[in-house]
Amino acid sequence: MMIIMRTDASQAEIAAVVERVRSLGLRAHVSVGDERTIIGAIGDGRSAYEHKDQFLFLAGVDRVLPISRPYKLASREFRPQNSVFRLNGVSIGDKGIVLIAGPCSVESRQQFIETALAVREAGAHALRGGVFKPRTSPYSFQGLGEAGLEILAEARQMSGLPVVSEVMREEQIPLMTRYVDVLQIGARNMQNFALLHAVGESQHPVLLKRGMMATVEELLMAAEYILSHGNQRVILCERGIRTFETATRNTTDINAIPVLKELTHLPVILDPSHSTGNWNYVTAVARAGIAAGADGLIVEVHPKPEAALSDGGQSLKPERFAELVRQVKAVAEAIGREVAPKPAMAAQQA
Amino acid sequence: MMIIMRTDASQAEIAAVVERVRSLGLRAHVSVGDERTIIGAIGDGRSAYEHKDQFLFLAGVDRVLPISRPYKLASREFRPQNSVFRLNGVSIGDKGIVLIAGPCSVESRQQFIETALAVREAGAHALRGGVFKPRTSPYSFQGLGEAGLEILAEARQMSGLPVVSEVMREEQIPLMTRYVDVLQIGARNMQNFALLHAVGESQHPVLLKRGMMATVEELLMAAEYILSHGNQRVILCERGIRTFETATRNTTDINAIPVLKELTHLPVILDPSHSTGNWNYVTAVARAGIAAGADGLIVEVHPKPEAALSDGGQSLKPERFAELVRQVKAVAEAIGREVAPKPAMAAQQA
Amino acid sequence: MMIIMRTDASQAEIAAVVERVRSLGLRAHVSVGDERTIIGAIGDGRSAYEHKDQFLFLAGVDRVLPISRPYKLASREFRPQNSVFRLNGVSIGDKGIVLIAGPCSVESRQQFIETALAVREAGAHALRGGVFKPRTSPYSFQGLGEAGLEILAEARQMSGLPVVSEVMREEQIPLMTRYVDVLQIGARNMQNFALLHAVGESQHPVLLKRGMMATVEELLMAAEYILSHGNQRVILCERGIRTFETATRNTTDINAIPVLKELTHLPVILDPSHSTGNWNYVTAVARAGIAAGADGLIVEVHPKPEAALSDGGQSLKPERFAELVRQVKAVAEAIGREVAPKPAMAAQQA
Amino acid sequence: MMIIMRTDASQAEIAAVVERVRSLGLRAHVSVGDERTIIGAIGDGRSAYEHKDQFLFLAGVDRVLPISRPYKLASREFRPQNSVFRLNGVSIGDKGIVLIAGPCSVESRQQFIETALAVREAGAHALRGGVFKPRTSPYSFQGLGEAGLEILAEARQMSGLPVVSEVMREEQIPLMTRYVDVLQIGARNMQNFALLHAVGESQHPVLLKRGMMATVEELLMAAEYILSHGNQRVILCERGIRTFETATRNTTDINAIPVLKELTHLPVILDPSHSTGNWNYVTAVARAGIAAGADGLIVEVHPKPEAALSDGGQSLKPERFAELVRQVKAVAEAIGREVAPKPAMAAQQA
């Protein structure tokens, strides 16, 4: 870290800062400018910055700037090649683009299986469907709970597609890992560190959604929590951030796609359903995500969006999803990628 | 809710919307304007809006607007009088302003007890101190855990002051309720609905911090989760929101104080340590919070902020906290309130 | 507008609101719900809402909601077909995508003409280059001023391409309209209403950049200022908004592209240079903009970005711009559009 | 500035950066850390950072960090003492708190003079009233224009109070300086650099409102534009920023008060009318502003807010303003300040 002294700092104040740096086992590197002096504290970057607060109280100090990035395992500097891993027969993080689709919530056996077969037919590689639902209102539908897991298992069997579903509590993990292929951490839990710790230990693939007010760096720190427990299979998901604009439910941070692809080796996907909050804009923003370099999409699809128990307004009907797949395929090919091939039915054995 | 039709909606489209409203068991109230038609769907307000997505797919519909507020138990319309309750001998929500102080984290017996006695001496009514710490980095100090609870208990005994501490997981609740007087829900867990549910059921007093990305309405919805389980002792805490401004760590939403006091009967306090992130600004913003009508403050105090394991940069030394208390007292009296009287030592029996 | 009464409003209070609505020459439409009464004030939508403040002071009123959109001439409801117009031989707003390129500032004759010929060769349809520069610091390069206009004119002549340049003051308009084909209103002037009025009266084509903190609706209101003076040739430009994220200079609001294409008939382009602030991300976000449905791009190109007097860090070298054009062409074709054909040299006579 | 190299930068890349630093006439200071090398470019701080873009294109460079603050004349490092100056007999920037009050717009002779006399009676030290109005909609009331200036002059004469009014265009300056004591730069024009330049040259006192999207640093840079033309009489005004919260029209950035008081010697005031947008919250937030250390307030007051042509919803009636003055006086005294004494009538000669 760099400790920036005030322009009026005295020699004694500078000496006291240098002394403190050394007392922490770091080396001090003093740079005397025309206006002010800057002191570099050199040692292991991440741990040095842990000490920054110490310096904010010393006389003559103006600011302290971090230099090292606070994450390591998630960074491309640590691992230059893309992380590629398989979800039940489909590779993610590679040239092929992966499409995950399904309803916001599992509402009934018929609703979910009908959707699963329709999205498979349209070209999806994995299913999504929540059984434990984080709802803003205590009076809203909270998901089918464990009963929904049986439906997920049946749809998984019938479609041969792997299943992504959100986990809200640590205790749900042992049960869920028996039924689902990817544990989703929802946006509101991106900094639920106890949960990150637990899914890290589970060694199960994780789809980590960016919090609606989380920076790219915080998303990478949340991934670091999971990676630091030895779980390397983490998919990052941009799902829109909160801004002053109210024309859409969230603001898709499309910049985050190339930024993340530069900073990390982990696969990066986009959720255009939440990032727009309006089915009318989903296809345009899905195309944009692929054009920007995303490795996949997660899209809400419902056979009767107008009757959905949650998020109907941002869900596509299956036929519109099929059209989205056609358009995304064309964009993927235009930039030298491709939509991943359809998984064989035999892939269904986990 | 109100369903706003497009200016070019046909009579058939309007009729279809009316029909749908009725099919949901609601009454339709059609208002024909010069430019467009608006259809009111009348019934129980909260549940009506649950159906809004249905209408977004009907031809001719432009927008759907909620009318009822989505929370009930938390609202002043439901309960016009301030909720007042006692924390170990001190009333909160009443004329007297309550001051909660202590370090970010319990680091050692000596550090915490020294702080506890100093803030009591300075005028604090309750202690704060985290033992389970939500940290952005997996490499940062994560709290003393259960060992810290014994220290909290000893400090509580010695000072006679009630203790506030953050709970991060449901399983911690039974243990924590044996040691602490108020369960804190941290900003990052404000929409951890499983945890809200659990503290609601605990019937233990709760200090609910506003998420850094949460609207006032979402804060009230989170409180509603707790209230709906019959737990009426909820304190709301403004702790700064995230904006584009980087001169301070967060932006104190001072407007939220009078807004919350108007919308809800629950006590509202301010955390100027987190809302500024810089000890240098804490006292000024603490004064502002009281002037704006807050019912209390929660302030980070550390005997040696420069050596704190977390949040040192925003912690006050005990003597500065004593000065803050003096200034806050003067402001409170200027607006016709007062700092609550010092609790008697005998109050220590929970 | 709709006037939402409090749940505890009395009959007398409701009657007083109705009376006030009528006194304004509007019709009142009373809707009695289970929880509360809502009063619609019916008349010309836009003007009705002008009166909203009146109702905020009447007893028993909770809120007032606008119903009509506040712009008219800019809306698709007013004009369903895309506005298409020609800039010196190239159509904008049509199937063909228009590429505008050039340096942030005109720095010298050589720099600008070299860039102009290079971007023409690469496929640009128009040139950009500032001569009056709005700079955050009074100590930064402020542009060549009128001397730069001669350079623009020469480059326009040599390349046959129309020229876009920013106007900062009304008095500059008569001079600039002799030299430039499109007057640019910069983001910081999007609500400089005196300037909007003046470019409206000029009847010259206008490129209107969205303010970095302006909503989509405010952008459309700013366009309405220009349109209401009879100037129909307005191009809207998304250039990134300000959010909490600091990984990029601004956040590209990619959602705004399909939102604007739905709400307005005006052409919509994207500026990926400002919306990312980093040349490294410009091409990815340019592709995304086209995939999302933009009608064109405006891109900063500089022969030596490392020596640019402004915005070098977000400028592409000419060869990278040529690569951007190739990629954008492929994406355009993938979604059934095309990059507009190269203009003939003969198009240079304005 | 500090140039942070990548962890994998080669010795040759480091040497090339050092060479470039020297070629700019700066000194290079190389700091070799365990993970990476950092190169300080030492010279005049502000001008060094102008070159930062040069380094972003050199191989091996990760980031470039500014060290010096970009403003000078506005900083407390440059001028440690508070700037204090007189507005027609009242000092601002000193111990005494200055209250500016009046309607958003001058609507008629009667409306403005009635308000002027009422706010003087209540304790205001200066009048506010717009005659040129920046309105979001071209269809809204745009102000009385020059006719309004005569009314301002008459009210100034009758009340003996100085007058603040917004200037929107450079050409209005000569006329306005004959009638008004303080030229206001509105939030939407905070980065209208041509206008800042012109009011700088006018040598007339300026009230500079923070843009709703401007950082504290940008506000100080805007002030620097004015100061750099030799005009030292600049008052800074916090008026709320735009965030995701919609419960109030803007979010009062109360932190900005102590931050500005630390960074600059210029007087800092608060506009609680715009920063809340709701008369109901104005008094609470006005008290908070004074408690946080503001040197004054500017408050919208209207004899009949319900009939105001603009901003009625956030205007106080004169009797409520009188109550605000009483409360603000008590808070000021509680923190060791005072509301400035009433100006003598004789002060009216400019």
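Chains: A, B, C and D, in written order; residue numbering restarts at 1 for each.
Operating definition for what follows: contacts are C-beta pairs under 8 Å (C-beta built on N, C-alpha and C of every residue); 3 or more make two chains touch, one makes a residue touch a chain.
These figures come from a predicted structure and were not determined experimentally.
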item: Comparison of B-D and A-D by number of C-beta pairs in contact, larger one; value: B-D
item: Chain whose Cα centroid lies at the greatest distance from that of subunit B; value: C
item: Gap in Å, rounded to a whole number, between the CA centres of subunit D and subunit C; value: 27
item: Centroid spacing, where centroids are CA-atom means, of subunit A and subunit D in whole angstrom; value: 39
item: Length of the line joining the C-alpha centres of subunit B and subunit D, rounded to whole Å; value: 31
item: Junction residues of subunit D - those touching two or more other chains; value: 213, 242-244, 246
item: Subunit A to subunit B touching residues, read off their complex; value: 46-47, 50, 52-58, 70-71, 134-140, 168-171, 188-189, 191-194, 197, 211-213, 218, 221, 224-225, 228, 242, 278-279, 305-308, 311-313
item: Residues of subunit D defined as touching subunit A within the complex; value: 2, 4, 6-8, 29, 31-36, 38, 40, 42-45, 65, 67-68, 77, 242-244, 246
item: In the complex with subunit A, residue positions of subunit C that touch it; value: 213, 215-217, 241, 243-248, 251-259, 262, 275-276, 280-281, 284-285, 287-293, 327, 330-331, 333-335
